[in-house]
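Structure provided below as structure tokens; questions to follow.
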Amino acid sequence: MKSVLRTGMVVLSVLAIIGFIVPSNALAVEEIKIGVIYPLTGGAAAAGRELRAGAELAAKIANNVMADLPMTMAQNKGVKSLGGARIKLIFKDHEGNPTLGADLAKKLILDDKVDGILGCYFSSVSKTVSAVCEQHGIPMINGSSTSPALTQRGFKWFWRTTPHDKWFTKDLFELLVGLTKGKVQGVKAVPKKEIINLASACEKTEWGSHVSGLIKEFAKEYDFKLKKSLLYAAKSADLSSEVRSLKASRADVMLFASYTSDAILMVKTLKAQKAHPKIIWGQDAGFEKPEFRSTLGDSISGILTRTVFLPKVVEIKKLAGQVNKLYKEKTGNDLGGASARAFTGLQTWVAVLEKAGSTKPADIQAAANALYIPGKELVVPWQGIKFSTSGDELGQNVLGSGLIGQYQKGKDGKIGLEIVYPFDVSSADMIFPFAGF
Amino acid sequence: MAFLEVHNLTKDFGGLRANSNITFSMKRGELIGLIGPNGAGKTTLFNCISGLHPVTSGQIIFDAEEITKLKAHEVAQRGLARTFQVYVAAGDLTVIENVMVGCFMRTHLRSRAKAHASEILKDLSIDDTADYLVSELPVAAQKRVTMATAIASDPKLLLLDEVAAGLNPNEIDEIMASIEHVHEDMGITVMLIEHVMELVMKISHRIIVLDYGEKIAEGDPETISKDPRVIKAYLGERYVREHGGMEESKE
Amino acid sequence: MDILVGSLFAGLLIGMVLALVALGLTIIWGVMDIVNFAHGEFLMIGMYTGLLTAQGLGIDPLFTLPVAGVVGFLLGIICYFGFVKFLLRGPMVAQLLGTFGLMLFLRNLALLIFGSEDRALHHGILVGKSFDIGMGIIVPATKLACAGLSVAAFVAVWLMMHRTKMGKALTATSLNAQGARYMGIPTERMNALAWGIGGATVTIAGALIVNFWSVNPFIGLLFTMIAFAIVALGGFGSVPGAFFAGLVVGMITELPGFWDFFTYTFEADWMVDIPMTSFKYMWVYVAYFAIMVLRPRGLFGWKQ
Amino acid sequence: MEAVRNALDFSDFPRLDLIVAGSVGIAFIIFPLFPHSSFAMSTMIQFLMFSLYGMGWNTIGGYGGQVDLGKAQYVGIGAYTTAVMLILWDVPFWVSMPIGMFFSVVWSFIIGYPLFRLKGHYFAIATIATSLVLKDIFEVWDFVGAARGLEISPIKYHPPDFLRLIFKEDVYYFYVILGFFFIGILYMNWFRKSRLGFQLRSIKDNEDVARSLGINVHWAKVKTYAIATAFVSMVGSFHACYIKSIEPEDTMSLDISILIALMAMLGGAGSLWGPIIGAGILIPLKSYLKEWLGAQAGMVGIDLILYALIIMVISAFEPRGVWGIVEKIRRRKRS
């Protein structure tokens, strides 16, 4: 009896004592540690892999000299102003769980003594992680969370490079207005009454409900009629009632915010129900994933999705092509929205450190607020990176912009995304109206 | 004034009539035996009286109060305790804790409940097993515990359901002594279901016989043991065979 | 009008699909009274089996149904003899805890093997086909096939339970295991058989619905909950009850459609803003709760 | 008075138990004085939180044998009450926590009354259903931020703020929750010896017997459910201040409900130490296994597979959990 109890006692004490084992690494001068928190496992693991690869590629470029790449960080080995210090990434996996994310942030800040944090893809996790960073006064750069609320909280230690959903949604309405004015390449001006009726279906977690609210707001502002605005349970078993509802609203334009499985199911159900709107638009996420394309095949021709990076960008931007080549060597895939933004996020970190010339949080803060990266150094088609330092959006990159792509069948018979917005970089004629399934 | 009165009690389970028009009454301080072959509806009658089963029709009056419609716990709180035939003690209550549950009906204080419980255990001479789990005990001791638990709630009337089943002759003697102790020294009115005839015949003041859900006879042990209907329904098959006749039982 | 008829019909169709998903649970839980939280994971495994067999062998997904059936049957038997058997010796809590463990195990094993990506079938006879038969009724081919299979499977199981010796032995085991044992029924084998049949029906369902729905390791729980609701609504032990309960649940999930019908018929603007679709599954849970509390035997059942 | 004495009286435990418990308790108190990683600290806080959840669950689930898989709804009610009151009206934690408990208890009566007409797994599944229904409502309820949730802004308050429970360092949270933890143990020690505790254990044994001993079974269950609820709600309030960001998907997810129940059952439902042991095993296991194995590429989910296997083995061979094994050995030794 005693032996078993003693074992129990030992187990308990060990569990208690585990806490005492401290992984306290001494701060190496030649190394700058950036904690990276991404969803490496769980439902978004596929995106997590892309994100990780994007960030790793950027770190590799920063730590080595790649003279042929026209970006500052490729010209130096490490961070020059810090004596060539190397960037070291410490990856953590938040599984899509905000509570876990906050824990990991504390661990990175207090145990691993990172100089800054990059992450976290999910807006909900970015929210908790940035709160921890704010409390501890550790800078955090966010490359890929698009919830507008993140930069409206007055945080002084949080910067976001990606444009957010408000911009993206605005882009959509700009496109719609552009259609009525004949600005869209390959489409004659469309009378507004033909596309005035909108309907939206968004998944009802944090992100989708935000988007849904934004669509409502902008529809009012741009004078469109939102006939139906519905929220549905994510990872739904069946969407036929939702689709029937959308159909019944007789909307000309259907707008979606869905993750992958829902996006696929939604389009399948639209097809099965023979829905025939003039425009189908997806808010990135599921609509941009390779699986969406490979599952649905040719039937998605004509569907629009907002994004920040398309393979087409590679054709327009030389730098993007070069980085894409490196990325493809590394992973076998093309750069996508997730990886390109993770890449840009870390690139921004390197630029901030270069400018700060120090790893003191206060110096980093000052450097970030004064940062400017010209658009030509970025893989994403933005005008550059410059953070707002006043107003109600602190730390938001004001030079970013979104793209709207349309799935079209290319000359090689493969379905791919063509840029239709912004109008000045459009890569093909827009298909309008949607031809039907 | 009768202590317990049952009028025309009928209980149906779906289409099956388990108790049919049973009427009897009981005086304070009496000790009544309830016998009958298996499936005669004895336990069902107990369940109806103690409120576990709602009755289909009829009336039950206990200590000048109608308890027909009351729920089991309300009946119990009025001083009507019972034991169960099959006592499944799978849980983690020890003997004394079991008895304390009964004590807690009358007090909120643990100290008082504990004191009372130890008293009862001593009284029934099972205090040496106080800290064992009920399931660890032999059958005889388990039966005592169920009795002790029922007594602990300080009842006026105690319904005992086959407390002697499965015991050997020695143990039967002991439990008989306990029942008499409860009845006489504690002044609790007792009604018991029993298959062990030696016990029933010996200690009952009066016996009620059920067969197929109906009361077929009522009277003192001697009368009952001679009643032809009873002999036919019950004793004829069993008691007579086992004991070779009525005469011996009069001892 | 179209929307009403369409919703009604869609409700029936999806109801039959959900009933098919719940059929296995009806046997395991409803008839044998063993709770199984891993039911949805069985479905998930069926979906992966169908998908991978079809893609791996390059055959039409329809031909994978027998494969899925065999996999499911074996899975059920293995789970029973390897695990569930031991649970039945313990208290009811052990069943809950244990099948939860099984659920986590299967789910994460799938995650380890297949990864978390959604996967879907790209080709197949049923994939992406649907028929418009007017009146707002649109019939996706997969769901129609599911519905057909559902009816057939329910009839088959019903016949088995009521017309064959084996079925009667199953019923006897579930009503009184000890009694059944005395009568010479090998209760252990009966339980295993129930698990085998239950597993087979749900994996076949999975292999069929993967024609329409994409699969990922996390898909199980929602279906488990829906299946629980269906079995409870149908009444424990009632096979036909489960079928009709499936239809009821199908109708409940189509509530937004009916809501729309009233919205447009009465032109009630205030109704537009009620987020009916976000409550789609909530009504299923509410129905479960209400039925359990108000009518514990279920709508058609005989056993509590 | 007697209640207090009972709460403080641990004399019916074997001496060994008390020595172990005492030394572990002291180790907890002095733990922050030693050098430790913040990860260990947050694991400790998680452990204490889940111990408390488990203690609450243990009243109804362990002593009462009613397996409840819907505790997350009360985590949600507690957390939301505290967050809403703090954000909108700047109500301190120490006020909003009891109010949250009150709301939770009211809700527990509303659903508990019909709920306890069910038994066994029908009850368990119904608790899941109610929890999901409440989550669905919170997801569209704009007043509480709908699916976007609520955030307690870290820059609006000045830590350390003991009234609102806003701290920068985890060590403050640790001591607050440790205080709750000790109070929780005392409460549980009282509960298991109280009249209600005895009644409940009798109900778990056999409901008919319990009824015939004058116990209003339904009411006793509803009451105990309310107590369990209050515990969970209290920790939920703490969770809101600790994490500072709550949303239905995270705070009220089914996973939390299941984790609470699993932990208590793993440790040993129906014993004082069970939930604590359960949390003590599973929380570090979850955190550290993940840290060591899960993060490795290709090992996705391996931590949870191991975790599931432990649960399966325990439920198949010793459904009364770790503490059940200890007790079994003790009994065998004695007889």
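As written, the chain order gives the labels A, B, C and D, with residue 1 at the start of each chain.
Heads up, the rule we're going with is that contacts are C-beta pairs under 8 Å (C-beta built on N, C-alpha and C of every residue); 3 or more make two chains touch, one makes a residue touch a chain.
The shown structure was predicted, so the numbers you read here are calculated from the model rather than taken from an experiment.
For the pairs A-D and B-D, the larger set of C-beta contacts lies at A-D.
Of all chains, the one whose mean C-alpha position sits at the greatest distance from that of chain A is B. One finds 36 Å separating the Cα centroids of chain A and chain D.
Here the CA centre of chain B is 43 Å from the CA centre of chain D.
Centre-to-centre separation of chain A and chain B, using mean CA positions: 75 Å. Chain B and chain C have CA centres that are 49 Å apart. Multi-chain contact residues of chain B (touching two or more other chains): 90.
Counting only residues that touch two or more partner chains, chain C has 91, 111, 115-116, 275, 278, 281.
For chain A, the set of residues that touch two or more other chains comprises 41, 45, 204, 231, 233.
Taken pair by pair, the chains that touch are A-C, A-D, B-D, C-D. Of all residues in chain D, those touching chain A in their complex are 16, 20, 23-24, 27-28, 31, 34-44, 46, 136, 139-140, 146-149, 151, 153-155, 159, 168, 170, 243-245, 247, 249-250, 277, 280-281, 284, 288, 290, 294-295, 297, 300-301, 322, 325-326, 329-330, 333.
Considering their complex, residues 65, 67, 69, 114-115, 117-118, 120-122, 124-126, 128-130, 132-133, 136-137, 139-140, 254, 258, 261-262, 265-266, 269, 299-302, 304-305, 307-312, 314-317, 319 of chain D touch chain C. Across the complex, chain D meets chain B through its residues 2, 6, 65, 193-195, 198-199, 201-202, 204-206, 208-217, 270-271, 327, 331, 335. The touching residues of chain C, when paired with chain A in their complex, are 3, 6-7, 10, 14, 18, 111, 115-122, 128, 130, 132, 138, 140, 212-214, 216, 218-219, 222-223, 226, 253-257, 260, 264, 272, 275-278, 280-281. Chain contact summary for the complex, chain C toward chain D: residues 35, 83, 86-87, 90-98, 100-105, 107-109, 111-112, 115-116, 217, 221, 225, 228-229, 232, 275, 278-279, 281-282, 285-286, 288-289, 292-293, 296.
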